[in-house]
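As structure tokens, the structure follows; a few thoughts come after it.
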Amino acid sequence: MKLIDTTGLAAAAAQFAHERDWGPYHSPKNLSMALSVEVAELVEIFQWSTEDESRAVMETGEADHVRQELADIAIYLVQLCNAMKIDLNAAVEAKLAMNARKYPAPDRC
Amino acid sequence: MKLIDTTGLAAAAAQFAHERDWGPYHSPKNLSMALSVEVAELVEIFQWSTEDESRAVMETGEADHVRQELADIAIYLVQLCNAMKIDLNAAVEAKLAMNARKYPAPDRC
Amino acid sequence: MKLIDTTGLAAAAAQFAHERDWGPYHSPKNLSMALSVEVAELVEIFQWSTEDESRAVMETGEADHVRQELADIAIYLVQLCNAMKIDLNAAVEAKLAMNARKYPAPDRC
Amino acid sequence: MKLIDTTGLAAAAAQFAHERDWGPYHSPKNLSMALSVEVAELVEIFQWSTEDESRAVMETGEADHVRQELADIAIYLVQLCNAMKIDLNAAVEAKLAMNARKYPAPDRC
């Protein structure tokens, strides 16, 4: 099983952009900016909250807003992979292996 | 088929954090900050590039770096979904439907 | 002469926050998040523009918007200095000296 | 008295960039990206800290790091104003007046 499978979203996002002739705008440079803007919209939800308040956000009126921002982040992430022909699952597998070496679990120390 | 399936990564990221007792640090507030930092590391790669240079980044020595940053973004995105018990696939489906209404394709206008 | 003098803004921002009892919210952690959100609002203006279009932004209907975002960034920057009792002018002087060592001008090489 | 006077830094930053032929890279688009990267380096310092820990950061080994990041933010902010010929003091004055209308102080309600 893959760690992350974005096949469906990759196809849907590519078609969505194609139908609107957005290809010329979707350089990795521009998409990285757009992704950073979406992440900031998520950060904005939590900027004045305590950590405990942020843990309870899905029980508040912000729940839909949070879901929408996370979806936008996923969509731009997949568009970036499309634009650069990156296999996200392979990248995640390699990064998890790097992280396991960088931060060994205590019981392995 | 799901648009995006993060089942495997969600389980791996949860176990990774659990083994290191990182749970107390992984509030949505903190994870949103960490995600914004990872996205900035991607933005940094492109900040002085032209759009055309950014389109060719995977043919340069930055290719592995780009893959690692996209993987980190995917990992934090999934940890945020874990922390808030969000079904990312459902969120993406709903958002794509919203986007289709907000930006109708030209031939449907 | 100072490189940057924020005395007036520091006093105005402190009084503004004091009158609204915002002190408890203005931790450096929260202010750093708020600053990142304001910067993203500036980035959003330029995300789909070419570099040349961005150079001409002040001749467009976005001119006031740009001025407001830069002002917000300056205000949060000064609030961060207030919150941490940082002398911004001294910090800038030290950083410019570091930068001059790190990036020597070509004619000094 | 001005709220914020950046005359000295504006001149120093312009000369620094001129001596290194950085003008072609300093489009508002690129500078906004660079500013967002510097702010993320500040956010990174606080991402796993509690708010109280962030309030005490200047008593830790991160104090110089914080000063350097705030200086970098100030420098890019001023370079953005240079690139777009924006009077930052006038922009801040106008924004403070807007903020006073948007968030009236309690005793004026």
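For clarity, chains are labelled A, B, C and D in written order, and residue numbers in each chain start from 1.
Keep this in mind: a contact is a pair of C-beta atoms (placed from the backbone, for glycine too) under 8 Å apart; a residue touches a chain by one contact, two chains touch by 3 or more.
The shown structure was predicted, so the numbers you read here are calculated from the model rather than taken from an experiment.
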Chain labels contacting chain A and also chain B: C, D
Counterpart interface for A-C, drawn from C-D, B-D or A-B and sharing over half of its contact pairs: B-D
Inter-centroid spacing, chain D versus chain C (mean Cα positions, whole Å): 2
Where chain B and chain D are represented by their mean Cα positions, the distance between them in whole Å: 27
Contacts with two or more other chains, residues of chain A listed in rising order: 30, 33, 36, 39-40, 43, 46, 50-51
Residue ranges of chain D in contact with chain A within the complex: 33, 36, 50-51
Chain D residues touching chain B - in the complex, by the definition given at the top: 25, 30, 33-34, 36-37, 39-41, 43-44, 46-48
List of chain D residues in touch with chain C within their complex: 1-9, 12, 16, 19-21, 27-30, 32-33, 35-36, 39-40, 42-43, 45-46, 49-55, 57-58, 66-68, 70-75, 77-78, 80-81, 83-86, 88, 90-92, 94-96, 98-100, 103, 105-107
